[in-house]
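What follows is a pair of complexes built around subunit A, which joins subunit B in one and subunit C in the other.
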Partner chain A sequence: MSSGIPLAWKNLTHDRRKLVVAIGGIVFAVMLMFQQRGFNDALFDSTVKIVRELNADLVIVNPLRFSLSSEIRFARSAIDEAASHLGVSQVKPLFIENIAARLRIDKHRAHPIRVIAFDLNNEVFFDRIGEIKSQLARLNEPNTAIMDRLSMVGYGFDLSSSAKFPKMGELSGRPINIIGTFQSGRDFAHDGNLIMSQENFANYFRYRGLDPLSIVDLGLVKLQKDADSTEVCKSLQASFGKKFTVLTRQQFIDKEIGFWSRSTPVGVIFTIGTIMGFVVGVIICYQILANDISEHMGEFATLKAMGYKNSYFFGLVICQSIYLAIFGFVPGLILSWGLFYINSNMTGLLLELTMPRIALILIATLTMCIVSGLLAVRKLIAADPASLF
Partner chain B sequence: MATNESNLEQLIKIWEPSVEEPCIKVEHLNHYYGEGEMRKQVLFDQCLQIRRGEIVILKGQSGCGKTTLLTLIGTLRSVQEGSLNVIGKELNGVSAEDTTELRKKTGFIFQAHNLFESLTAFQNVRMSTELQGIPIEDASPRIEAALTRLGLGHRIHYKPKSLSGGQKQRVAVARGIIHEPQLILADEPTAALDEESGREVVTIFQELANEKKSTVLIVTHDNRILDVADRIVVMEYGKIISNVLVKPNALMSSVIREFSVFHSLTPQSLSHLAEKVTLQNYPSGSEIIRQGDIGYEFFLIGRGEVDVEVDGKVVNTLSQGAFFGEISLVKQQPRSATVRARSNVVCFVLSKDEFQSVMDSSQSFEEELRNAIFSRR
Partner chain C sequence: MRTDLALLNILSNPSKTVLSIAGIGIAIALVFMQLGFRGAVEETATNIYDKLDFDILIRSPNYLHFVDASQIDLGFAEEVAGLEGVESVKSLQVSIVNWRNPLGEVKAILLLGVDPKNSPFSDENVNRVLDQLSGDNSLLMDRLSNPEFGPINKKQFDSSDIGREFEVGSQNMKIVGLYSLGAGLSANGSAIVSIDSFLRLVPTSSSQQLTFGLVKLKSPGNSAAFADSIRPRFERSENDRSIEVVCRDEVIRLELQRWIGETPVGFIFNLGALIALLVGAAIIYMVLGNDVANRLNEYATLRAMGYSNLYLASVVLKQALYLAMFAFAPALIASFFLYGLTEYFAQISMKMNTKRVFWVLLATLFMCSISGAFALKKLWKAETADLF
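Right, the complex of A and B next:
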């Protein structure tokens, strides 16, 4: 700015009440964008959370299994094949049921729940606080399971910290004993989680076949200490050909997210929502800036008559746009964080504010305000000093 | 006679052609508003020259085009037809960069103060100094001095909402002159001001005109400030109907009034006459008019002596205060004699049309003239 006077700042902050009202609009737009992105990311985050918890370097899966929630399985022989491959230390099978796993307690209706089962001797989850580990021994008992605390309330179980265990229920027509809880999280396709031993699993889900455990949902591969995961993944895939798909854990996560964002309306809906938030923000910010310019037309025309160039006015409006963006972003961020907290508790979804996401919305907010600034400045450029007389 | 001579000397000095380029030169300027069928002409073939250091008052009824002329001179409107040269730059077809440069050399004072509500009086004026690139150390004392001089010393750091209408206008004046511009364009600068403040404003204009040779063009109806004008230009329906350099006009009026033939003219007629009269120098021995030629001019001798020759023979000698050349104009016949300068002669010359219009406008002048002619023969 050729002027040592911070006119952009002064004009913006001169009328406090007007400024607050103006910022309110931008805060709204910011919150809209955060909410839309937040839910979008939450859906993906929630869906792959369980995968992130899995103690595996590589994952073996049926090539036709388009998503974790689809129940397309593969033969156990793959596990044994993989176990002897170069670089592989151990391969553990993982069994999952959802649709067939209907959980019921009295008075409440039966509802599908995701049941995850494995050989209790295997360390299938990272289990950082050792919660699952401490309950493993008791899961050896028949008809026992532990339940995810974040499962939906509708099942009818009180899973709060003061709850008493064991709790009785019915799973797929057979009685079940919930002996304790762990923490994971719900997602779009699953309203709750149970963990049990593979022996118990075989009893509950006999429909899977003569030997229910001969059909596997996921194969979890642990590599030897110095093995390179990408290399082993490639070679293992090569040896399997088209029969099975081998992915690194990250690739598996990306594939899952890719499915939800590209093959379902989820991604599209939330993207449209975000764009709408952006457009609302542009409109509101434009109104603020254009209004300010209109009210001070005489003063700006005077500056023009004095010899101020158009470049000065560009700088002035862009400056105001950036101030508005920041004034709106900070409260928007704080309020969104609060809203995330509330929503998270209500829906059980994982609503997280990570740095990259904050940065994304900040850039969107700045772009939003600068775009409206560029639209508003045309009015200012058109100011005719001859009209002052 | 002694007073007249010194007046005459002054007059001759003022009327000597100015070597300097005028600050504002208007030539055959036309301006139109609207397009196509709605097009209306607002300025008609305007011609005007204003020199550096002049204070000019532009008068006329609303709608006469004076504001349009002011905006054209100030580069706020584009020149459509004709030539308009301001501070050495031709404005017809001027580029955007040159326009900006020119605007920086100009100071505007509008009727509406247009101050930023969010800035103090000091900061509003500083918008001007910052644009000029004047560092704050130099600008600050200047701004404070200007505002104090305009009676705002105690209000320098107040925002417009705490200032009265007159005070705001004074801040606008300060903003318009703080950078000592070469050209000041003011539209009713004293309208909202009391006697004292208004006087202070025009005094500042005078100082800038005298000391920095700033040219000041004021559109105003305020009769209180007429005395500072060097030139008064009157417009009517888009045309300049009167353009008078006041002091020379006054001098001229007092000088020609001494001529007996003009004794009975009213001041108004005198002024009108003074406006139209030109001074001409004739070296010794030169012919001023020649017998037999068609007469176009009327002459009054301001200094020197002339010989009147009929058919080669000197029949009369005329000196200061005498007039000649009127017969051809009154009687519509060719020159009856040759008039030759005996010494270096300075004559007041009136063209035929102007002579006729003075005759028409003043009955007494015609009478006097006829008496004089009658008594001559």
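Right, the complex of A and C next:
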């Protein structure tokens, strides 16, 4: 690009209207890829949302518990054992019920809901906005719980911001008082969430045994300040042997996502969609560039005759590809962000645009346009100036 | 007009046209894929019901979905069986039980309990093997179950697994035969046992209760009316019912409502299809817009020659239509191919149906008309004199 004239830019922008039209196609292709990736990630993210909220460095779980939703538990003795281990600051038991926890309100049918319980004195959730903390005092009262705002509409509770509390319902046949809400999200296996104190939990789920709190679903381990999580994880696992499984929080998250990606075709479905969106984007971008080249063939032929080398045209087209990619990506990103926002509200799935994901689609868009650029430029390179006149 | 201008316009630059058609075709194929995925979920939601033979179903008023159905008392099934117009009522027991695979892992499997002499299934391949259910610990295994349950060849249960024993519930059961069913969305596999075995494997079940009563009528034609007529017997009030009486269509509708309507599934795939249509529309608009812009002089000349605006508009719209139609057929064929690939690699059931083809065709026509109409705006800008 030593000519000093930004030809790529000028070619693209001299006809504003045409540019807008061309970009439209790329914008939609970008939106398609964002939407496919977005839902893919949201579906998997949703299954570990609650785990990401847990204030724990390590997680203790029954080795047979193949997913968070499988109700395979372990004895409380493991908690005590772990608490005295080197590097461990505190171990907090977490109790979970789903199938036996059936929530009913008024005329609606009883529907399973995930109930999470713990010792209210323990800080189990990160709770960054302090929503759970502010309701802890009231959760000490008997038969109380707070409900996930993103729970399925079908339960029959109005959980919007204007809703009034407390709301009365029935949990597993006993009355329950919903005194407030928090936010988490639905997933494949759970249509809603409740949080309550472990004392209340023991009352509702007596079937768990003589002392319902003696069997635990997850053990949340907090480490001491300077402890290395991988080291402590290994040594704790060694001391447990095969009785219990100890994982770092990230390992636990990966295991859960791994389970759902193996058990459902979600990954395949959305990857197919993404690839098809990519291919369409390549075709659209190619059309734009090829059209531009053929329209200006005379001028390019002149440049060639003037002595401009192939590398110049190469650079020109690649430059145009990159401009197109960015022109299409930015509005595509903004529109997708808007779409995600609307989608989240409508589906209860938490669709998030994180930097890595944005970067991924940006790279895909750039690749898409550059590939089409490379395909389009062949015509130009192959053109023989003399034959064009 | 003897010269089909629209067609000639398209054919004048074959390579460009082929490319445009490819782009539109992929967009259409994408729409088919999204709807195919939605259809796969719909089918797995209702698959088992499709294989059961009934005109009317009686089940608990606490029924949520197939594997979370609650129980009803045997007495109600007997009462319905004695009603005028009822040919038979067959029992089906359903539960999720634990299955221990050879690695010692515990998995959840769908267990169906039936009376082998009174099969509720309509599918011959299931009924054919039902009489193998003799003896206390015999079990029939679903070939379409996930490999996590431990078939010998690690991929699918087949005849080499016959005779093998597995711990089901907390009892040892032996596979005596295979069938093909598909467990749907709630379980990764299924197995069939006799009612007696079921009662032993599921401790919470009882011989005085059943999950579903499958009712066959003497004259199945008016099952909806029949259901309406007997429903009041089992209702003390609108919310106080002892059993739920549903006819077949309603059963399917409610199940789809629960899996597609009440979960994000329907929304996700419908949105995907919509965006794919928008992509297709954008491509058509781009292609037509370019074409009109390139031929503006020619159109202006035609105008000057006296051809009406209507004629010019019809040419552009016809072009849009041709593009879409040329793209539709290959897109449909490609979709069949992609459906097959997806079925093979992802083990999901992707099936095309006429209704879907019809709707996508309609949507395609609509999309290209709209795009064509927008492209026309460029044409009107062609003030004859300005162009020369």
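Assume the second predicted complex is superposed on the first by the 369 of 389 C-alpha atoms of A that agree within 3 Å, B and C clash if a C-alpha of one lies under 4 Å from a C-alpha of the other, contacts with A are read in each partner's own complex, and residues count from 1 in each chain.
Assume a residue touches a chain if its C-beta (ideal position, glycine included) is under 8 Å from a C-beta of that chain, and two chains touch if they have at least 3 such contacts.
Note that the coordinates shown come from a computational prediction; the quantities given were computed from them, not determined experimentally.
Student: With both complexes superposed on chain A, which partner does A:242 reach: first (subunit B), second (subunit C), both or neither?
Tutor: neither
Student: Touching A:306 in the superposition: subunit B (first), subunit C (second), both, neither?
Tutor: Once the two structures are laid over each other on A, A:306 reaches subunit B alone.
Student: Output check: A:5 vs subunit B and subunit C. Expected answer is one of first, second, both, neither. What do you get?
Tutor: A:5: touches subunit B, not subunit C.
Student: May I ask you to decide whether A:16 touches subunit B, subunit C, both, or neither, giving the answer as first, second, both or neither?
Tutor: In the superposed model, A:16 contacts neither subunit B nor subunit C.
Student: A:268 contacts which: subunit B (first), subunit C (second), both, neither?
Tutor: second
Student: Between subunit B and subunit C, pick out the one touching the greater number of residues of subunit A.
Tutor: On the superposition, C touches more of the residues of subunit A.
Student: State which residues of subunit A lie in both footprints, the one left by subunit B and the one left by subunit C.
Tutor: The answer is that subunit A has no such residue.
Student: Which stretch or stretches of subunit A touch subunit C in the complex?
Tutor: So the residues of subunit A touching subunit C come out as 18, 21-22, 24-25, 27-29, 31-32, 35-36, 39, 64, 66, 70, 72, 107, 109-112, 152-154, 263, 265, 268-269, 272-273, 276-277, 279-280, 283-284, 286-288, 290-291, 295, 343, 346-349.
Student: Help me check something: in the complex, which residues belonging to subunit B touch subunit A?
Tutor: Result: residues 67, 70-71, 74, 76-77, 100-104, 106, 108, 110-112, 114-119, 123, 126-128, 130-131, 136, 187 of subunit B touch subunit A.
Student: Give the list of subunit A residues in touch with subunit B in this complex.
Tutor: 2-5, 7, 10-11, 13-14, 296, 298-299, 301-309, 384-386, 388-389
Student: Hey, which residues of subunit C end up touching subunit A in the complex?
Tutor: Going by the criterion above, the answer is residues 16, 19-20, 22-23, 26-27, 29-30, 33-34, 37, 61-64, 68, 105-108, 146, 188, 239, 262, 264, 267-268, 271-272, 275-276, 278-279, 282-283, 285-287, 289-290, 293-294, 338, 342, 345-348.
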